[in-house]
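Quick one: structure below, then a few questions.
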Amino acid sequence: MLRQLSHELTIATRHRGLHEFTQEVEAWVGRNQFKEGLLTIHLQHTSASLLIQENASPDVRRDLEAFFKRLVPDGDPLFEHTLEGDDDMPAHIRTALTTVNLGIPVRQGRLALGTWQGIYLWEHRKAAMRRKIIVTLTGEP
Amino acid sequence: MLRQLSHELTIATRHRGLHEFTQEVEAWVGRNQFKEGLLTIHLQHTSASLLIQENASPDVRRDLEAFFKRLVPDGDPLFEHTLEGDDDMPAHIRTALTTVNLGIPVRQGRLALGTWQGIYLWEHRKAAMRRKIIVTLTGEP
Amino acid sequence: MLRQLSHELTIATRHRGLHEFTQEVEAWVGRNQFKEGLLTIHLQHTSASLLIQENASPDVRRDLEAFFKRLVPDGDPLFEHTLEGDDDMPAHIRTALTTVNLGIPVRQGRLALGTWQGIYLWEHRKAAMRRKIIVTLTGEP
């Protein structure tokens, strides 16, 4: 019979960039001993994203950051919304270009990620922030 | 015991831009009295998107629109697909750069959105359109 | 009573571009005779995406490809991560700008896609690849 569980995680980011949290999610899934299911992740913010990306080479993360910095420049004169600084509106746009929801299958008690896939919180603000994430697992215990 | 319900919403957009529909979704969730669950939203179109974004400052919505207009210019000579006008292909690209699916947890009978998160239909065509959305709720009544 | 099933698909891509696989998914949903439900799709890679897009005009696919090729140029000197060639880092960025997860409702035994919506694997590498996808169906048989 299917069951559903949810859990809240808080991640403290120190600066702009990709922060991996695959292990925190994997550990929670493992503790709950679901054999098969679907894990969904929701980030409760509008200036940071969730991203599944390459977890092997750190230069992939650097290049992602460099590309987004060039695509959505801080302090672009196009922006009216500059209340919290020159990275305020770029953070909203970078979030719109990516996502705040993920869905990952669980098989044989583990996240069915590909060999090179890691789960990241992408902080788009330059300052340290506390970010809240809700994970939900729907499946067979 | 888990149950699942779905429902169809139609949203009439008047012009290009972000149209909030958080309240329609929240009202449907409330009427169905699910305590815990997962709400998924699917938009049945290829020239409009679903977006979770900042629901406080209208200038965030204006800046998002301005940025996407500059990133994907109407009437760009790169495009072959211009059958329905100069905003036809840009609407498909803006949709590809965002998403047509969302997934939001429900906790204690309410959408577990962050303080500043609203749910938007982003119309990418310049004309008024009727857009169909299917919401599905999987959880504990 | 709700049930959940999952299945693994392998798609052999021949080159960069959009490869439709709506029929494979529809066929699997049909064989399992779920009346109502939610289908989720996860792609286990970081250099290819899932996309719901227009399935009528081939020029929409050509223009999407042309736009992304211009937005994220192969061999851009910005990139450090060039281990597997000039399309390596662009493939990761194109994946970050789109998604590797989809969620589509099932109604009356069929995928509730819009009239013009098809499900695509977007291969971002130039070489032929084998891509693994996991589909999960949660619903009422």
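Couple of notes before you dig in:
Residue numbering begins at 1 within each chain, and the chains themselves are lettered A, B and C in the order written.
The working rule: contacts are C-beta pairs under 8 Å (C-beta built on N, C-alpha and C of every residue); 3 or more make two chains touch, one makes a residue touch a chain.
Worth saying up front: this structure is predicted, and the values here are computed from it rather than measured.
Residues touching across the subunit A and subunit B pair largely diverge in numbering: under half of the numbers involved belong to both copies.
Remark: rotation between subunit B and subunit C after Cα superposition is 120° (nearest 5). Inter-chain centre distance (subunit A to subunit B, centres taken as mean C-alpha positions): 20 Å. Among the residues of subunit A, those in touch with two or more other chains are 1-2, 71, 97, 99, 101, 103, 138. Against subunit A, in their complex, subunit B makes its touches with residues 1-2, 36-38, 51-54, 57, 59-60, 62-64, 66-67, 70-71, 97-99, 101-105, 107, 112-117, 138-140.
By the touch criterion stated above, subunit A contacts subunit B in their complex at residues 1-4, 6, 40, 42-47, 71-72, 78-81, 83, 89, 92-93, 95-97, 99-101, 103, 132, 134, 136, 138.
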